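Here the chain labels run A, B, C and D in written order, and each chain numbers its own residues starting at 1.
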Amino acid sequence: MIKKILIANRGEIAVRVIRSCREMGIKSVAVFSEADRNSIHVRFADEAIFIGPSPSNESYLVIDKIIDAAKKTEADAIHPGYGFLSENAEFSDRCKKEGIIFIGPTSDVIKVMGDKISARNEMINSGVPVVPGTKENLESDEKALEVIKEIGLPVMIKASAGGGGKGMRLVKNEEDIIDSIRAAKSEAMASFNDDAVYIEKYVSSPHHIEFQVLGDSYGNVIHLGERECSVQRRHQKVVEESPSPLLTPELREEMGQKAVAAAKAVNYEGAGTIEFLVDDDLNFYFLEMNTRLQVEHPITESVIGIDLVQEQIRIASGLKLSRKQDDIQQRGHAIECRVYAEDADNNFMPSPGLIHQMTEPFGQSIRVDGYVYSGYDIPLHYDPMISKLIVWGVDRQEAMNRMKRALYEYKITGVKTSIRFLTRILETPDFVNGKYDTHFIEKNKDFLMNVEDRDETYEDIAAIAVFIDYINKLEKAGGEGLQRIGSKNWKNFGKKKGVLRW
Amino acid sequence: MIKKILIANRGEIAVRVIRSCREMGIKSVAVFSEADRNSIHVRFADEAIFIGPSPSNESYLVIDKIIDAAKKTEADAIHPGYGFLSENAEFSDRCKKEGIIFIGPTSDVIKVMGDKISARNEMINSGVPVVPGTKENLESDEKALEVIKEIGLPVMIKASAGGGGKGMRLVKNEEDIIDSIRAAKSEAMASFNDDAVYIEKYVSSPHHIEFQVLGDSYGNVIHLGERECSVQRRHQKVVEESPSPLLTPELREEMGQKAVAAAKAVNYEGAGTIEFLVDDDLNFYFLEMNTRLQVEHPITESVIGIDLVQEQIRIASGLKLSRKQDDIQQRGHAIECRVYAEDADNNFMPSPGLIHQMTEPFGQSIRVDGYVYSGYDIPLHYDPMISKLIVWGVDRQEAMNRMKRALYEYKITGVKTSIRFLTRILETPDFVNGKYDTHFIEKNKDFLMNVEDRDETYEDIAAIAVFIDYINKLEKAGGEGLQRIGSKNWKNFGKKKGVLRW
Amino acid sequence: MQNISFGLEINKRELHLELLSRDGNKINVKLNDKEYNLDIVKVENGVYSVLLGNKVYNIELSEQNNHKKYLVSANNDYFDIEVVDAQAKYLRNRDNSLGGSNENTISSPMPGKVVKITTSVGDEVKAGDTLIIVSAMKMESEYKSAIDGVVKEIFVNEDDTIDGNQPLIYVE
Amino acid sequence: MQNISFGLEINKRELHLELLSRDGNKINVKLNDKEYNLDIVKVENGVYSVLLGNKVYNIELSEQNNHKKYLVSANNDYFDIEVVDAQAKYLRNRDNSLGGSNENTISSPMPGKVVKITTSVGDEVKAGDTLIIVSAMKMESEYKSAIDGVVKEIFVNEDDTIDGNQPLIYVE
């Protein structure tokens, strides 16, 4: 069994992995950049080691530094979290060479699944449905025209090495085909140094539904049901739930089997996710595989009753899966909201900075996976996600009610957050009715951004609170300030035996 | 359906009830005494109303004030929580007369179950096993001697109106019988104005195991499995778990049926708890019924996947139970630790006062039902319990591991708490092996109180931290203090862009 | 008792507040022409618990760069509130008289790091030209000139860490 | 650099500390005759994050009634730590010279409310006599005289709210 794990990450996912290590009696090692000396993952780990300047490409992304840190602290395994080096084939390889267990798949699997064309081909060969399109790079314009005629417009042109929407073009009209392919190729070359592109039929208003899979080193693969991830903003998931309101038991069964087949096709070991597009007629297509823990993994943990990080560690230690497919049962309903430090009213501009005060929600079936605290200065250098709020309920209605209650209790001051935006999503009729696809946010923009139904009394009382606070400040400053506004009885204002002076 | 509920309580249970109200879309009304203006239940409710001075007998226990508050705020129901007026028959009656729904049983049920002799008789008539003993008040010494001869020593003499250990005597020797009965009677008279006492066989080293029941106004009663509550200190539960490590599936089935029979015997409506004593040979005996929510109800919620307060409210609204006995299934394992503001090393002396800083545990399957916060001054007037920490795990081992991790993360400064004591309980071999009864704490006193295996480095580093903190303080105070200790480079010590000045 | 009163600006709306009386936590305030009787207590750092009658309101304040600006959140809504006393009025009037359509100070509402400055002092620029790129949390924002003019001053360098709303480039 | 050093008492054990050097968060401290190189940062109110080599220690301090007494928790253990500088030594020596077997100041380690005072100034009391009852959080504690003597002063009244360790009754 693994004895000590270095977590090559920061933020909420580092904290989350450290927690599972502590529960398993495994020692944890945190790594930290200059900006992160007072981050909570450094406080929660058993050991912590400095790895360089704040920008991630000088610390969290530098393979040599991470390997060095693991050797110095004699860690026998590395957990990469998500992002950073988690899907870096070179890093997986390097760990292997250094005799350190990489908690994730081999470099071969990462490579096959990281290249979209090769992943498509693996899936086609294993009988997993993919979006109709090409199996290889489009070498010539003629080939492209021919293929598109066969598939029918509209189509998507996608870079094989792609990610983040780069090297991607939607083509609706025949006359745009050639130009679009050229543009996509040149963008792909600029972004990924690889101009391979391929063509897929454009699935309009798709649902984004993914299946969690687990595979061990004995060839056993199971799936843990699905996550509905269609609430997206700029290809970024915002709210996820499990089970999906769209799936029928039959479809779940079928997609689950295909997800297992997809993982088996590459002899997958560890925790992975098969992402599917599902159209309104419930046709589903393989989209991609994420060969790591997903941000939204906790909703699966809630519904299935499992700790996925513990499972990853057990698999990496060479243990067999402890459960069979028949042991897996979805119970109740889980929802996750991602809380960002951002100004939703102002084009979702990031809002880093100092958290003055924070009150987190508690109570039944609520989980907060976060990493910031009152007095913490959210660094500029990393992702604006500050926490994930996960709730469980007996059914979807109870889960939604609980999420709204939790969002109500969640207070963060000093920086702006997406809490209100998330509350509005929970109130949007399409969400409430479970009738939504990946165009949900765009479609409901007016409702989500509407501020006209605000309670005006709140505005007045907010003003009065500032008025009182400011008077107190003048009073405290004494002398000049005090005299300017006069004084009667102020000495005792807000004072109370034992109350801390703020 | 009920529209607005007044919560006639404070502290964690008031907050807990308010949360369920908010989730159900029901308005909540908090009541508060002088000491509680800045308590969290006042902040979380929709409305709040002042009910008098800090001592509970001038506020939370005054029926007139509670009824008044309910009428002023037009609440259509009152939730009493636990403690205070929750098992007060007069209060239940008064609510009925005033046309307010009391979320709990009728005064008749409270009376029958509140008197130990009448409760015993109800149980005997319904075929629920009770500890062998008398069915009525012991009128004469002769009767007592005769009964005790039949039962066999040792026996317990108990006050019928009893509670809190008063009017209770353990008799081991024949020559002590008469004296003990007289002493018990006189104590019972002094405490409860009622000298009725009865005799029970003394069950040595019993397990305290209780069953949660739910009954609706249509005569349906189900049970939700058991809670093991044998870890007790001075008859006060400290750690509870569900399921009990002692029970077999057959015994659970049998005890569950008896618990349902017990509730049906009094046409029980709402949530209630049947407490049993279980001896080492797995004989079980009815001990008493609690006609309210129990402090430890969340472990049942975790294992069954239910919100008991929501169920209470639905039942009080006249709805039928939404689940049948067959729908109820225990899943995984839950443990609760009660966190007290007390000095465990100093005879568990209460430790009220100002909380300087608090960090609560988060993460998977952890629930904190608490009410204090950083900067809150825990009042002298009420119970020293500041929170309940509840964890769930796939099995008992995972639950214990998770609890230890949660206790590790839980930091409260300013007042002393029982967190270390709770950690020691989790480390005690008898607890780890699930082999314990109500004598657990007494039996393991040496282990629980042992401080010799402390890590000495912690002590040194604690001293160094104080040293540095004190130097910083002198530095901040400037002038004299600063000069006395010299200065080099201090200006920047501990300063960091954006860190709040404490 | 001397009256205490001054103005506030909330999301650009001007309010006048006057404290009519107080007794412990209980205050009587006039807001424009509306009177409020409130029970208001500071319960945590920047957190106020307010009762209006029996109704509960929770208000969270955080001071912004100076003591007169607050970011207020109430019911998870945000309000930008500024105290407008004599000093603030003076400064504001001065700023307004300085300002006008023929000048433009570029600033970023979000704190961040200056990634690139695409202009130099003395350059002629047109309205809509990107002058500076600021990055925070993996998101880059471009800031453009609002007017045609000449770059008079650049207050920052590439790679500098900047605060929100700090002046970056001055165009005239 | 001038050396900074003074004493601490931790759970009654005396320690001498000396700051040998520091550079930002990195400090070199001598504790009695042991040297420690630590990276120490104050991360929250009273919360210190400490690295000894790569090992993580979390220390939580809270100041008690005066600035020199701390309740420290580390790994959920409690330590009572007091700074013993020149001033404290003076006070302590004075107290010790005042004290002795023939005097006894009664105090309660827990804050609470005085429920009952069972003696009056001038009363003769015996060691073991209950003189005062204090209640907190539904628990009553009786405090007894440690010596035979005469009640010289009673500092509190029934129903008073008292702090922990405050003098209640003085017997000589």
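Going forward, a residue touches a chain if its C-beta (ideal position, glycine included) is under 8 Å from a C-beta of that chain, and two chains touch if they have at least 3 such contacts.
This structure is a prediction, so every number in the text was calculated from the model and none was measured.
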{"item": "Labels of chains that are neighbours to chain A and to chain D", "value": "B"}
{"item": "Higher-contact pair (C-beta pairs counted), B-C versus B-D", "value": "B-D"}
{"item": "Interchain centroid distance [CA atoms averaged], chain C/chain D, Å", "value": "46"}
{"item": "Approximate Å spacing (C-alpha centroids) for the pair chain A, chain C", "value": "32"}
{"item": "For chain D, residues contacting two or more additional chains", "value": "41, 44-45, 58"}
{"item": "Residues of chain A engaged with two or more neighbouring chains", "value": "38, 353, 356, 359, 373-375, 408, 502"}
{"item": "Complex interface listing, chain C residues touching chain A", "value": "1-4, 6, 8, 10-11, 15, 17, 19, 22-24, 27, 29, 31, 34, 36, 38, 40-42, 44-48, 50, 52, 57-63, 67-68, 70-79, 81, 83, 109-113, 135-139, 141, 161, 164"}
{"item": "Chain A to chain B touching residues, read off their complex", "value": "15-16, 19-20, 22-25, 38, 44, 298, 301, 305-307, 331-332, 353-354, 356, 359-360, 362-370, 373-375, 377, 394, 398, 401-402, 404-405, 408-409, 496-500, 502"}
{"item": "Footprint of chain C on chain A - complex, ascending", "value": "341, 343, 345-346, 349-353, 356-357, 359, 374, 380-384, 407-408, 410-414, 416, 419-420, 423, 451, 454-455, 457-473, 485-489, 492-494, 502"}
{"item": "Chain C partner contacts - residues on chain B that touch it in the complex", "value": "29-30, 37-38, 42-49, 72-73, 373-375"}
{"item": "Partner chain B, residues of chain C touching it in the complex", "value": "25, 39, 41, 43-45, 49, 51, 54-56, 58"}
